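A single structure is presented below for examination.
Each chain carries a letter (A, B and C) given by its place in the written order, and its residues are counted from 1.
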Amino acid sequence: MTGFDRRSVLKMGGGALAASALLPAYAFGQSTAINYWHTFTSQSEFAGLDEVMKLFAAAHPDITVTQENIPNPEFMAKVTAAVVSGSRPDTTMVASERVADLVAMNGLTDLTDRIASWDRRSDFDDARFKSITVDGKVYGVPAFTFVDWMYYRKDWFDEAGLAPPTTFAEFRDAAIKLTDPAKGRFGFGMRAGAGGQAYVINVMEGFGAKLVQDDGTIGLDRDKAIEAVDWWAGLLTRDGAVPPSAPNDGFRQIMEAFQTGQTAMVWHHTGSFQDNAKLLKPGVEFATAVIPAGPVNKISRLGYAYNTVTNPDTIDAGWEWLKFWGEPDAAIAFLEKTGYFPASTAAAKDERISGNPLYKPAADTLGFGIPAPSFPGSAGWAEGVVLPAFQRVLIKEATPEQAVDEMIDGLAQAIG
Amino acid sequence: MISNTGPAYSPRQRSAFDRYNPLRWIGELSETRYWMYLLLLPSALLICAVVIYPTLYGMQMSFHEMRLNRPGLGNGWVGLKHYQRMVSDPIFWVSLRNTAVWVTSAIALEFLVGLIAALALNRNLPGSKVLAVLILLPYFLPNVVAGHMWALMLDPRLGVINDLLVKIGLLQGYKAWFADPTTAMAAAIVVEAWHSFPFFTLLLLAGLKGIPTDVYKAADIDGAGAFAQLRLITLPMLKTIIAAAVILRVIGLVNSPDLLLILTSGGPGRSTQVLSLYAFQTAYKDFNFGYAGALSVVMFVLLMVFAWAYVRLSKVNED
Amino acid sequence: MAATRSRSKLVWDIISYIVLIGLAFICIAPIVWTFLTSLKVESDIVTRTMHYIPPSITFENYVKLWNQSSYPTLVINSLIVTSTTVLICLLTGTIAAYAFSRFQFKGRTQLMLGYLVVRMFPAVLMIIPLFIVMRQVGLLDSTFGLAVAYTSFLLPLFVWMLKGFFDAAPKELESAARIDGTTRLGAMFMVVIPIARNGLLATCVFVAIAAWNEYLFALMLTTSTGSRTWPVGLQLMVGEFQLPWGMLAAGGMISILPVIVLFALVQRAMVAGLTAGAVKG
């Protein structure tokens, strides 16, 4: 059954014909049309993208870029379908944790040589390319950075005479102290609904249960992981310092709880600064801090959004578009609209970042933060096993031991 | 029943126009014994093209190794490996149980409410046309819209339902409906029933209009009460329509993960994890098409068994 | 006896009213709430004090949504996909349902079950193979292709539902026409279909709604705004950095709008048809 062989399907479909059929026909004679898939959804992100596209159109009138937004939850499903059937987009934005899966399914194009000879390559730290490099091949250009940090209610902390926590122990103490059921206040807005898996993994690593060891082997230290899960879930089940809605709280819910004054602390990245600033006074009602350090490791994440070429047939035009994001003009225009940090070190030195004390924790995190562990199957395991298993502890359906065993079994299944 | 032994068709003298009149030509064709097959042909061809091939492809997947992010494993034939894994996969069994709860509760609720609404509307009371429009409205909303609407109303912080329940004293404080395993499934079922019960109302109402009123008059004279009439006349006469509606709705509920995807993603824990969601996640989050294929085949077989048993037990095909 | 009957009728009438008004309230309240939400400014939604009546009314959510969403294109796409689906079902499904309803032939039950069986294979897994087929015949990312894909699960629904209505239509009129020398074709189009027209209409409405609301196929089989449908367009705007609630509510409201217009037209015809008594044989 040849229809089964993914490779032969790819061969049949890799043609430019398929890609060009996806695009609206443009009247301009010689212009190349490429499309760009991304996961932007908010107004500010769209404004930022719009700005970059305008600058690009002015600089490259011969290339027309059509943007197509695919929301995060559906992104991998759509890319998979497109790759399998051979109707891939020309260029795609890829979050760092998805790189391993996409490279494994042959979805990205090797750009090693082009990047090596790129004149702006030296604007970027080598570390920025780490998550997009697989087996020595580089598959994309970092477009911007998500820097994890903590938002906290400065007014509440001041009132209670507390300093922002720097360790997990201080963090838990503060969370318990700031919890006041009479006022409807909880110490910490835990994200244990959609997207919460990342924090479970971070906390496990903070307790010393690293997912990917230094020698590259994948595994979980059972005892340390149990300790971590027990502590993290305990914030709700023992300490009551987390809203009971935590098992279904995703990004929207933790942010709304923080913005409406129901939680004292919340972990997220720099991208939500503007939204918080709309409802709370920055520097007065809320401030920012580095994510507290775990007992063993200090874990804070840098997530990169990479731009990649998915369709090798339009690689020349695609490459122009990718590297344009590295231009300081484009990166700063994007930052101004969205608050996302530039990936380019040269652009990150801009006064608007270095001059703002509220951004200091992010700049500090850039120094020691590391990308989330990633290997083929890691995203699926984290979402499909880690999160439900952890939720089962939260709703007291499982013990931390059972949950960690479930995670270890699932991990074996995912990489086996 | 009009059978093939109906009155013989006698060809008349044909005019030139008649000979080339396609209607007449088809009309003659309709008298042959192949007529019903010709009627079925277009839809059968269409279904073969858009369903049979994809379905066979999907079934084949379940016997192959097909993990898109593990190209090293190849795409070889693995026989019943995926099915064996399923037997010892606790998530599969949880999903199966949840699917059963999800489908039976939603169907029961939708059918009951749908039937009551249809019976009430069928009395043709003044103003019932307006009420009918209002009652049918939820079904016209996309799942996506209905899901988000209810997500806001049931929100643990901003939800109006919580506020109302607290105000009338049924709740002490706001409740996180989708964070508690005992209420998450129930809340999702209520949302699903709200959205889909008009499906039954509309179908049953159309069926009720087809029942001759004389039957009820006769029953009235015999002194049969309202419930007896319902049990002895109405429901038996709606048999075919009920069967079609139930089977179609069951298929929709088993196969479509949309609403749960928006409301709970299967959580908290695995308390709202159903088979369709599990297959979706296995395919598009784990990229394990082989195992997802096997899960789908099992769903398919379960549906077949259900439909077969239902048609058998309700004797729909006997006139 | 007559008095009891009329008293019991009165009781049932009152019960019916209570039931209908209660149900109508349950059906409408969430929509009304969504409407109120869509008129609120975001700070009146994301707040700890519930506002039942918007303290200040704004149409900004609608304006922003309109500007951001290419709504007219999306709705026109949805309309095209929906009407194409209904048309395909009408053309191929009506005659199939008639054949199932009126003829006894070998393999009838099996074939009918077969029509149902094809609907049972989970969409999740049909999508990738369907994607490949669509791409090969050049129907990927087109409204027509999407409509064809919809028939894969809506045509069986159409046939099954319509068969039920054809079954309910009395056979005597048809026999009479046949005795008068009408062909089977004539009997089908002149007698049976007109009798079952309410059922036909209701079936079309169901297929149209299902096509209008479908999400999974539309998401996977379309890529550009040129063929994307409204539910997909709306969900795509939600994403991780979710749409503000006010805009989401506005999106919900304007997705009801075309449906209400359509429904207002169809409802009149449907109710008229249903109450005309043509079916009451």
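By definition in this document, a contact is a pair of C-beta atoms (placed from the backbone, for glycine too) under 8 Å apart; a residue touches a chain by one contact, two chains touch by 3 or more.
Owing to the predicted nature of the structure, the values given are computational and were not obtained by experimental measurement.
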{"item": "Pairwise touch network: line, ring, star, complete, or other", "value": "complete"}
{"item": "Most distant chain from chain B by Cα centroid", "value": "A"}
{"item": "Inter-chain pair with the most contacting C-beta pairs", "value": "B-C"}
{"item": "Chain A and chain C: spacing of chain centres that average the CA atoms, whole Å", "value": "38"}
{"item": "Inter-centroid spacing, chain C versus chain B (mean Cα positions, whole Å)", "value": "13"}
{"item": "Whole-Å gap between the CA centroids of chain A and chain B", "value": "38"}
{"item": "Shared interface positions of chain C, touching two or more other chains", "value": "46-48, 128-129, 235, 238"}
{"item": "Touching two or more other chains - residues of chain B", "value": "57, 61, 157-158, 280, 283-284"}
{"item": "Junction residues of chain A - those touching two or more other chains", "value": "3, 73, 77, 84, 256, 260, 262"}
{"item": "Chain A residues within the chain C interface of the complex", "value": "3, 9, 12-13, 18, 21-24, 35, 39-43, 45-46, 66, 68-74, 77-78, 81-82, 84-87, 89, 184, 195, 251-252, 256, 259-262, 271, 278-279"}
{"item": "Chain C residues within the chain B interface of the complex", "value": "5, 8, 12-13, 15-17, 19-21, 23-24, 26-28, 30-31, 33-34, 37, 45-48, 50, 52, 88, 91-93, 95-96, 98-100, 102-105, 109, 111, 113, 115-126, 128-130, 133, 148-149, 151-152, 155-157, 159-161, 163-165, 167-169, 171, 174-175, 178-179, 181, 183-188, 198-199, 202, 205-206, 209, 212-213, 215-216, 230-231, 234-235, 238, 245, 248-249, 251-252, 255-256, 259-260, 263-264, 267, 271, 274-275, 279-281"}
{"item": "Contact set on chain C toward chain A in their complex", "value": "42-43, 46-48, 64, 68, 127-129, 131-132, 135-136, 138, 140-141, 219-220, 223-226, 235-243"}
{"item": "Chain C-touching residues of chain B, taken from the complex the two chains share", "value": "1-4, 6-7, 9-10, 23, 26-31, 35-37, 39-40, 42-44, 46-47, 49-55, 57-58, 61, 113, 116-117, 119-121, 123-125, 128-129, 131-145, 148-150, 152-153, 157-158, 160, 163, 194, 198-199, 202-203, 205-207, 209-213, 220, 226, 240-241, 244-245, 247-248, 251, 254-258, 276, 279-280, 283-284, 289, 292-293, 296, 299-300, 303-304, 307-308, 311, 317"}
{"item": "Chain A contact footprint on chain B (complex, rising order)", "value": "57, 60-61, 64, 66, 68-71, 75, 155-158, 176, 178-181, 184, 261, 264-271, 273, 280-288"}
